[in-house]
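Heads up, the next two complexes both have chain A, just with different partners, chain B and then chain C.
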Partner chain A sequence: MLSNLNNRKIITLLKVQYSNMLEYRVEIALWAISGIIPFFMLNIWTNNNLNESINISDVMLSRYFLSAFFVRQFSVVWVVFSFEEDSLMGKISPYLIQPLNPFFRYFAQHLAEQITRFPFALTIALVFFIFNPESIWIPNLLILFLSIISTFLSFIIQFLIQSIIACLCFWTEKASSIERLLFIPTLFLSGLLAPIVSFPEYVKSWIYLTPFPYLIDFPANLLSGNSTNVIGGFSMQILWILLLFPVFKKIWSKGTKKYTAMGS
Partner chain B sequence: MKLRKYLIVYKKFLHTSLASELEYKTNIFVDLITAILSLIGSIFLLSIFFQNNVRIGGWEFEQALIIQGIYTILNGITNTWFNPNLKEIVKHIREGTLDFVLLKPIDSQFFISFKNITPSGLLEIMLGCCLLLYCIKINQINLNFIFLTLCLITIICSICILYSLWFFISTTTIWFVKTWNATEVLRSLLYIGRFPLNSFSFSLRIFFSVFIPIAFITTIPSEVFLGLSQLWKILLEVLVAIVFLFSSRKFWLFALKFYSSASS
Partner chain C sequence: MVQNIIDVKDLSKSFDISSKEPGLKGTIKHFFRRQTKSLKVIKNISFEIKEGEIVGFLGANGAGKTTILKILCGLIYPSEGSILVSGYQPYRRKENFLKNITLIMGQKQQLIWDLPPIESFYLNAAIYDIDKIEAKRRIKKLSDMLEIDDELFIPVRKLSLGQRMKSELLAALIHQPNILFLDEPTLGLDINAQRNLRKFLKKYNKETNATICLTSHYMKDITSLCKRVICVHNGSISYDGKLELLLKKLTPVKEILIVCRSEEDAVKLKNSGFTVKNKINNEITIKVENNSITSSLKTILNNFDIEDLYINEPPIDEIIGKILIKKEYVI
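Presenting the complex of A and B:
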């Protein structure tokens, strides 16, 4: 009974958010286009033959960056910005009364956005293949399945991190600057701009202990067929989720106690 | 007389927006750290490119740092003036408050472009200047009067081009109300301004000098710094800047004809 009710809730939430997202499809197409930085990076790498020193062929590198583009497309999180706006406007209060954690709403919003985004991302990939026909590849089903899972896990890690930051809104009101701060290491260390194999040794020695390589580098390597430690990657992803989830729960329960709505 | 009026109005703008921004003091501090980390990150990325290569696109590491410095300054200017203001255009159009702007007895483009200021971007400008000073030292550039004037002229032209690009994109929202994130696309394209234009493939080089003149924005000023630039390039940049400024003005006036406010 309970699970039935929950299922219905989830499906309704997804449906509502999906139709909401469809209305803004131009916007989502633009978001998809704004993620093309990996292709510029690829251009620098191959045009200057920088990849020779790290022993990755042009084709493998272009597959890597295409995969990085895809992983990034489906793990973008902006919950902190939505939450901040809702919190500043006092919209959180009605959500808090509902018997549903408001973060489910944001979660459904993200999933719906990803579904809407899929055709656009695919179009960009097609254009990429027209210009680089030699890099076409079809990953086998198992790899595809695993990389979808790891992309989803990467999405969850980022969602949890941002939700924790979003909860800081209860104390500081403007938390998005902290998110922008955290975005910098995500940008440079996740492998979006350069594959982690190319990093100097003094960075490689500690980077695999942080969550960053598992956000883009690991799923992208998996999808593109570059060598990577599959079991290690998945266990680190799950470990980070297990670490972050209790933190989120704690900060949420503390924050809601602290919350004072406008005018109350 | 007219100029004095605008100066007085601008003083008021500065006063009000600084007052509201300084309300969130920790935010400014966090933004400072973000700017520093972002600079470190991009230098780190550059160092990866130069790990096994002495030159990229004909630029040495020390020379490429100049581009980085100029990019940081321009990015700071974008964050201080362009971004907070031009984001507002979209809001004005969406909520119909552009009416109030148009009714005011000052120029609407002036009002819309200079109303807000985000002081944290100023820190980025200072960081960029420090990096440039350091570059002048390590590249052993002789400072003289002609050099300084040329640098100043090219950088001012870059700022004008950058402003016009932002303004163009934001103005298009008069027709497509919902494309507020078109500026994000521009932002991601501008990202390639961090690297020398010659490091990209021929087709991208053409694209970024003809359609979106990012080439003019950072590469030409950097060449001037190194004393490598020919006179025709500088003249061309001045010309491009004038054309862009002029047409952005015309475009705004043209677009206003199509503005139909929210309820009329």
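Presenting the complex of A and C:
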């Protein structure tokens, strides 16, 4: 699957998808704005002094939620919806008979969208700093690098989960409804609404066995400078990718045998 | 000796179809106990296609011709039988096989909607490992053949259907495939665009010796491109052979409209032993078998005072229409 991928294919895919995404820049700006849920959560937490119960200062909490906003901006995935539409309408047919797995197109689409989203996310962060100057911090280069890597790994985990669900289109046709089942656990267990550290101990031990805390909580803690298990976090992210990738490969291979090229 | 590039033996394909009775009762029943049945859409068909051949697949809607093309290009898996296309089993979708074929569907597009076609061409060039200089050369050559130029730099959404179809063709041919699967390539195009497309396909076949498998409901596509046709009826092959032979056999008799100088001549002609279809004043229509047309015309011109005459061929759509509803045609 990855063997026929070379630098030129990757760069051309990214370039073309970036040009395509620039056509939707207003839509992407609105999407970026719509992702400000961590700021609402920050407001709820600080106004109710909830952070005192978990021994996190106001400043560290605001940095956490700003980091959560950033991680979310660069790890959001919608491949299940695109694939479902393309599959049901027969639009993936031409791509299936090209020597490149169609999921690489979706992957490049997501990366290109993230690049387009970057200036808007940065503007939102600047506005946040204007209102919260005490929260301004500059992470050192190593932390920044590790945060970018962990955000990218978080994106890959989410991309793989959604791609596996997307492949169910070959059997159920409406795979996005299955994806919605994951919406609630993602929202509560990823750290988007509350840092995982705020959960009771026995719940935490279970949560850390799922992929959810490594989607937002781990990269956000890393970026904001909160204490976190760096090696453990990265190991779990890589472990989940290693577990999910073969599942995706298998389900893709089985699914394409079921493909009926509907709508074409 | 020209080699077979496509070899199909006892190919069958079945689809699982769920059925629902009408009304609320049917809906509730369907919700709790979904009934599916297996529908065999392709039934044990066998055929071979030689390198460089242009073959038309004819059939009514739902006959199975598009399914055959989809199986041949590897888009869907066969249920039974063996298929070899260019030495590969298409459903395995090996990279070298995919680099050898293309599928163009009249109603589907692969071009990126919001970008000019040139972007999709360069993307396809990268996907098929064609270097940039070679890609530029091929784009230039194909765009000259297709007579498109400025359109390459206009977003796809702003192109006309004909311009879009030409661009689709260019995108699908940039890797110079040996085998083209074309499913209704002229669908929705105006007469001039259809003619240009046919002209291009003829030229492409002549220059590259590419094999072309084509389905179309426009008979002009079939008659001007295909020497051989495969007629598909309910998933089975009802005829496989030369189009010319089929048409000859299906229309053994031609009609000749003769305009005589006087009605007297028309009456004389009516009583001279020809099979007369009708006679109106000095115009008479006779039916003559294909193999005796020349001798019949000689007799008429030598013995009667003729002002004008017309040989009428029955419309090809009508003849083909007859084939599509028949189970089998043995020639």
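We take it that the second predicted complex is superposed on the first by the 257 of 264 C-alpha atoms of A that agree within 3 Å, B and C clash if a C-alpha of one lies under 4 Å from a C-alpha of the other, contacts with A are read in each partner's own complex, and residues count from 1 in each chain.
The rule is short, and it goes like this: a contact is a pair of C-beta atoms (placed from the backbone, for glycine too) under 8 Å apart; a residue touches a chain by one contact, two chains touch by 3 or more.
This structure is a prediction, so every number in the text was calculated from the model and none was measured.
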Kindly say whether there is room for both chain B and chain C on chain A in the superposition, answering fit or clash.
fit
Should A:Ile207 be classified as contacting the first partner (chain B), the second (chain C), both, or neither?
neither
Which partner chains sit in contact with A:Ala125 here, chain B, chain C, both or neither? Use first/second/both/neither.
neither
For the combined three-chain view, what is the angle at the C-alpha centre of chain A formed with the C-alpha centres of chain B and chain C, to the nearest 10°?
90
Mind working out whether A:Val247 is in touch with chain B, chain C, both or neither, as first, second, both or neither?
neither
Is A:Val230 touching anything from chain B or chain C once the two structures are fitted on A? First, second, both or neither.
neither
Have a look at where A:Pro185 lands relative to chain B and chain C in the superposition and call it first, second, both or neither.
first
Min C-alpha distance, chain B to chain C, superposed, in Å, is 6
In the superposed arrangement, what residues of chain A touch both chain B and chain C?
24
Can you name the residues of chain A that touch chain B in the complex?
24, 26-27, 30-31, 33-37, 40, 43-44, 47-48, 50, 52-53, 172-174, 177-178, 180-181, 184-185, 187-188, 193-194, 198-200, 203
Quick check on the complex: what are the chain C residues that touch chain A?
15, 70, 73-77, 91, 93, 95, 98-99, 101-103, 105, 107-110, 112, 114-115, 119-120, 122-129, 172, 183
Within the complex, which stretch of chain A touches chain C?
4, 6, 8-9, 11-13, 16, 19-20, 23-24, 90-91, 93-100, 256-261, 264
Of all residues in chain B, which touch chain A in the complex?
24, 26-27, 30-31, 33-34, 37-38, 41-42, 44-45, 47-49, 51-53, 56-57, 176, 178-182, 184-185, 187-188, 191-192, 195, 199-201, 204
